[in-house]
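Both of the next two complexes hold chain A, though its partner changes from chain B to chain C.
Presenting the complex of A and B:
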């Protein structure tokens, strides 16, 4: 195995990489937000007079939008500042800028806010203690309803040998990226430029164009190095406020969150209640009923993507003869639900895997064999009628089972071993385009994504180009361009960088090879690139020529340019099964089987993860070290969801633990070095058959830990996280 | 934070004089700063002046006549690295080792931990069980208080605004143990912690519980129940039950009252069993 060093590490380790919060421009002002003091209320008045009376202060609020925006706001349902009603605590009501941060904070404090508090809905179960009935479903709090069914479910449940019904509860978790959100905006004339730490420069551009009512061509988004994204930096957050302030001030304005605000304003996974019922006859699942009540925070009616997306994870990756799945998105007074690495899939896998373990126990079947018997295989269709395609989860499970059996044989009495499975859909996103520029001495990959820390851009795209063209990695450089210069790409999310943008790199490499072949007078397959005496040379049966000698006069300053595009194939669902709402069509399935060995303190309920192994369906490994890093990181993050991470709110919508002391991510002491095995041979749509990898490794972790805890001490915990107190309660120690 | 003036006195006299001169608006005192700086950062306090103890000669560690005296500004990591501390006061070593992280212990001090009197302090319970005393200096002279008398309540001590903690004295080596339970083992504060120690000279146990508001507490009656040697299982179990009932406990985000009471009993049992006494009750 060769390990290529990531070329961004040098600037990062030396402290030279410029992150969002490092940005400063000459003449820049510092911004601050004016937060709502209540979670829900009617705005009577927001008085900016006190702030404006301070020297050097610029303040903007809802009343200023008409003057600052040439065409008015572009999205009436999503005002930049709320005019009438506050939807969550700390929602920005106005923004201020001043020559220093301290002055900006004083100015923000000088804004007088008059709000009539209204009752806040914070805990969705306080409004819907049971499944919403026909009346409750008309509640103003319910903003989404999705419903699908297939087969004769009533018959399946009536004639079953065993029926198991359970309720699971999952918690809200945060991204905890090392770097908080930060940006510097600069509006000059009709050009709205923002430098920001983002996963999706083009997504932010589109969003800003909508919010500010200005054409996309007038908005320029320049990404910075990103100190961790995990889904939290995929939508605009601070940029509209910073741009408005810059517009008002006529100077650049910097806006950055401190870590408390990062917790309070970040859009992330919110709590849910999951009800599962399964009917088994003669060892087979004959019916499944799935119900999801999801806290969507202050998501808008008609704009909530999370319910229809999340619910798909509660049906898979298992076959069933008949099913019914129904979900409600509940609007609460919290920031809107936002994506967090494999949004909501780890929570769904926890519920599904734990539930099927219980079903197997009741039916007297080995839980691993029970799951293996029902796994999707290539050629199957999913319950929603989608083609599965090459799917390595069965092979991963077989390998995981062998390790679990060995560990169980070796484990002391207070230890337990568990297996958890997860599946994922990769190859999402609207599309991507990459440009390759071949110069006499290097190959540049010009593209519009940003490296967010995983290595998928900085190393992944280089590895793809390396494999496509045969050049050594030190001769390949990734160029990060602003949205004004880069070819379009959807951005870093959905595990899509290598899978989707990597395909565009391969297409561009193919075009480049054809171009070089034409110049050399040979067929494309007869061309190869190499480095000789410091120069890139093109070899062919007609001899070797330096790239320098192949350049035309116009190409002399830039190089030979080739473009490639890739648009994700779309899958379809069987619409006849849909009763209400929209379901997300998954594509390009991947899966992971994990094994955990845990020890459980039977007097306190404390859980310690002793050993961990992951078997990952990957199609093809493009770069071994980066791939391994993604799996290790996913496991560490998943262990947080499993054991310690949980955002807590007061009844009036105040986040109770917006601090790294009280919101506990795992430290290295809680994360054993995992064994990582890649299952190849079940190709995906990515380059060389690769499948996306950013998200799948986090998905099975909570399920795996829960299975191991159950094996260790018998505690069947149905609520995340598996804190010691929760395990102790399940063991009836309290 | 609006910024502060940093005072760095070069002598104890200068430090006390500076405190006295500013008695109307006393400066915040900083040693390692691991607690104060969090308060400043979170906006809970906004001191105009901060008095640093870093030039005072208080980074000492001294054994005299069997008693240990620890200078108030000695970094906890130095205490932890001392093999004699680990051998003669194992409970103290375990408590110090439990604080925060290695990096934090290079900054944090015993004096700071006592002076800040955080309700979940991992050091106060063990110092209580070791009958530790605090030596204070001030304009009216020196005085010595037991840790029990010094720590009044959550974030409240007997320290007067013009006094400083010079050192902490632990009167004798004691077989001892300190056990804790946390949501996350590293870099966290305890849900419940139990410190136990046995005095070979007085042939008695002492028991303290921490991790819950308002402050760590000595459980004298429970200690008495444990007798004058290694208790037998029945005695120990009865004492553990008594301890779990005796402690004043409330629920908070870290743990419920119910769970904390269970932890008190479990950790007390384990801590007493972990104390290395032979059958005669000698170390």
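Presenting the complex of A and C:
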């Protein structure tokens, strides 16, 4: 197996990688947004006159959309600038551009905004004090209702030996990609071009087409190097404003967030309240009841995916005879809920793992054995009625348990050791296509994603092509093309790059091999590629020929082209179990078992993670170094969710901690070097049986830390994060 | 009388600061006036370390530094990696250790570590070097590969 270094390291280390925040075009203007001063209110008037009176300033607002957009707004429910009502604080009401950033900011400040404030809904529980009573269902703030059940739940709870009912609360976490959102837009004629830092160039193109009411063929999205995504750069954010400004100015316009805005405008995981009830009889789970109240921010009715998607994670990877899940998505006066690395799954795993640990204690059973006894296995079906398939979580847990036992034996008496589990699935998105271009000296992978840091594109796709065709990695190059030139692909999300786009690469490699075989007059399996004297050669029983000699006259300038596609094959759930709303099937199942050793300060409640180990079901390791990097990085990000990260709002919807000083992410001294072990042999949906890896490693972390904290000091903390204050309160130190 | 400071030098070359306002931050001078975009803009409040440069060899947050404050100094940025032996060595160590993913925090880490090695020498304990990097945030790697890169850079320093 190759351990080739990623080919983007050199350009990044030399400071020559151009990120969205670095973009600059001759003659460009600098843009700025005009933020709403309230979280909810009726717009009386937005007066751009003060801004337009300043020299060199261009300003656009709701009243200008009809003239700037050839067909008017594309999506009436999602106006680019609101005309009537403000939904969250800092919502852009207008945008301005000027020759310098300072002038743009002065112009933004010169816009007069007159808004009649309305009551804001910020704290979920203030609206639903009696939830899950019947009142919640009648609230006008509910935008989603999902409900599923199976089996005789009432009988299970009535006849149980033990029933445990608990409430968990989870907090909102930010992405904190170090590069803020940034783009440069340039509108010429009917061609709307934007260069931007994005995970999903084609997703942005589709979104812009819908918002601006212009055909997709008129929109060109060109990605840049991305300074961290984590889900936060997967939908359009600044691009519509920048394009409108460029259209109005007739010049390119740069628009970027400053870091405070990054916190204030980012669409991410929002708070939730989770109620879990479990019935146990003779040591077995016989019934599970799950209720979820999820803050969906200013998401629109009918457009919220998060409630139905995430609620499945609250059942965990466990069998139960009977269950009921019911969730409500609540519209609040915050930016809309958006994806954050394994959206809401770490929070769900925290709740279900901590809860089942408590259930086991009440039932007098070892918490790890209790969970192991109920884990899904190949051949089981999930509570939603989907077949499980190859699933390595049992093997991962067995290995994790051995490490936990050893650490417990070695650890000082005041340390605690805990185990947490999580599951995920390899996303497919709408699908993807890849093109391989074989030239006399290299193989190019032409595709439409952008590398966001994980290495899944820059190294992952190369490793897949390497394995499929037998060429060395230094002869394989990834080409990043704009949406005008690239084959379609959904983008980087859902841990899908290697799993889905990688399948397209394999299919293209198969087509390429068949093409070469035909030219050589042999069967495809008899063809191999190699490098000899600097040339790529095609070997077959009929001898060896250089690729150069195989090219037709038309191919001489470009090379031999082969295409592959991978579009999702939908799995199924048992729809008879769905009472209301949408639930989604998974592609495959991947599991992770983590172990943490922690110490807890008995005066302050501060938690320190001393040791950490991860056992990751991965199907097949495609590239060891990048795979390890995903697990190490996911663990650190998960430690932030577990211990320190929490967005806080005032009652009137103001974000109280929009800085890195008061929203604390893990620092270099706070993350132990984890032991990382891959569990292979349980194949997934990706090439060579690989499973998606970007998201799974973050999922078990808060649950694992919570279990270790409980083991260390007895504190059963039911809210995230496990800040020193929360642990101290649970221990009654405060 | 102290003589007026000489011109600001960036990566060994005198910088043309004609017409620069006194309030300009070194970060903006580098990125937008001198078009040296290797130094990254993160938080602009001194909390993330992405904008770290060397001023007369000392690790400095360019977002919290007025360019006028460092008049007459030698500023070294990641863009000058080829000409600075310490930065070049740290870069090689980070590449070998795979100590970066998205790469946005990387110039800050590399320059900060190069500054620490210049200041304290390669005999400084690795814990001291890691302590000196606590002000640099990374969201991708979980720091594990960075710690490996630091150990490698220290081992390879003369």
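Quick note on the criterion: the second predicted complex is superposed on the first by the 728 of 734 C-alpha atoms of A that agree within 3 Å, B and C clash if a C-alpha of one lies under 4 Å from a C-alpha of the other, contacts with A are read in each partner's own complex, and residues count from 1 in each chain.
Just so it is clear, a contact is a pair of C-beta atoms (placed from the backbone, for glycine too) under 8 Å apart; a residue touches a chain by one contact, two chains touch by 3 or more.
Computed from a prediction, not measured in an experiment: that's the story for all the values here.
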Of chain C and chain B, partner touching more chain A residues | C
Have a look at where A:669 lands relative to chain B and chain C in the superposition and call it first, second, both or neither.
-> both
So, A:661: does it touch chain B (first), chain C (second), both, or neither?
-> both
Between chain B (first) and chain C (second), which does A:636 come into contact with in this model arrangement: first, second, both, or neither?
-> second
For A:227, decide between first (touching chain B), second (touching chain C), both and neither.
-> second
Looking at the overlay, what does A:355 touch: chain B (first), chain C (second), both, or neither?
-> neither
Would you sort A:10 into first (chain B), second (chain C), both or neither based on which partner it touches?
-> second
Contact residues common to both interfaces of chain A (with chain B and with chain C) | 659, 661, 666-667, 669
Spell out the part of chain C that touches chain A in their complex, as residue ranges.
-> 31-32, 35-45, 47-48, 50, 77-79, 81-82, 91, 94-96, 98, 100-107, 110, 130-131, 133-134, 136-147
Of all residues in chain A, those that touch chain B in their complex | 102, 260, 603-604, 606, 643-644, 648, 656-657, 659, 661-662, 664, 666-667, 669-670, 723-725, 728-729, 733-734
Note: in the complex, chain B contacts chain A through residues 1-3, 42, 181, 183-189, 253, 255-256, 258-259, 262-263, 266
Where on chain A does chain C make contact in their complex?
-> 5-6, 8-10, 12-19, 21-22, 24, 175-180, 225-230, 258-259, 452-455, 625-626, 629, 632-637, 659-661, 665-669, 671, 673-674
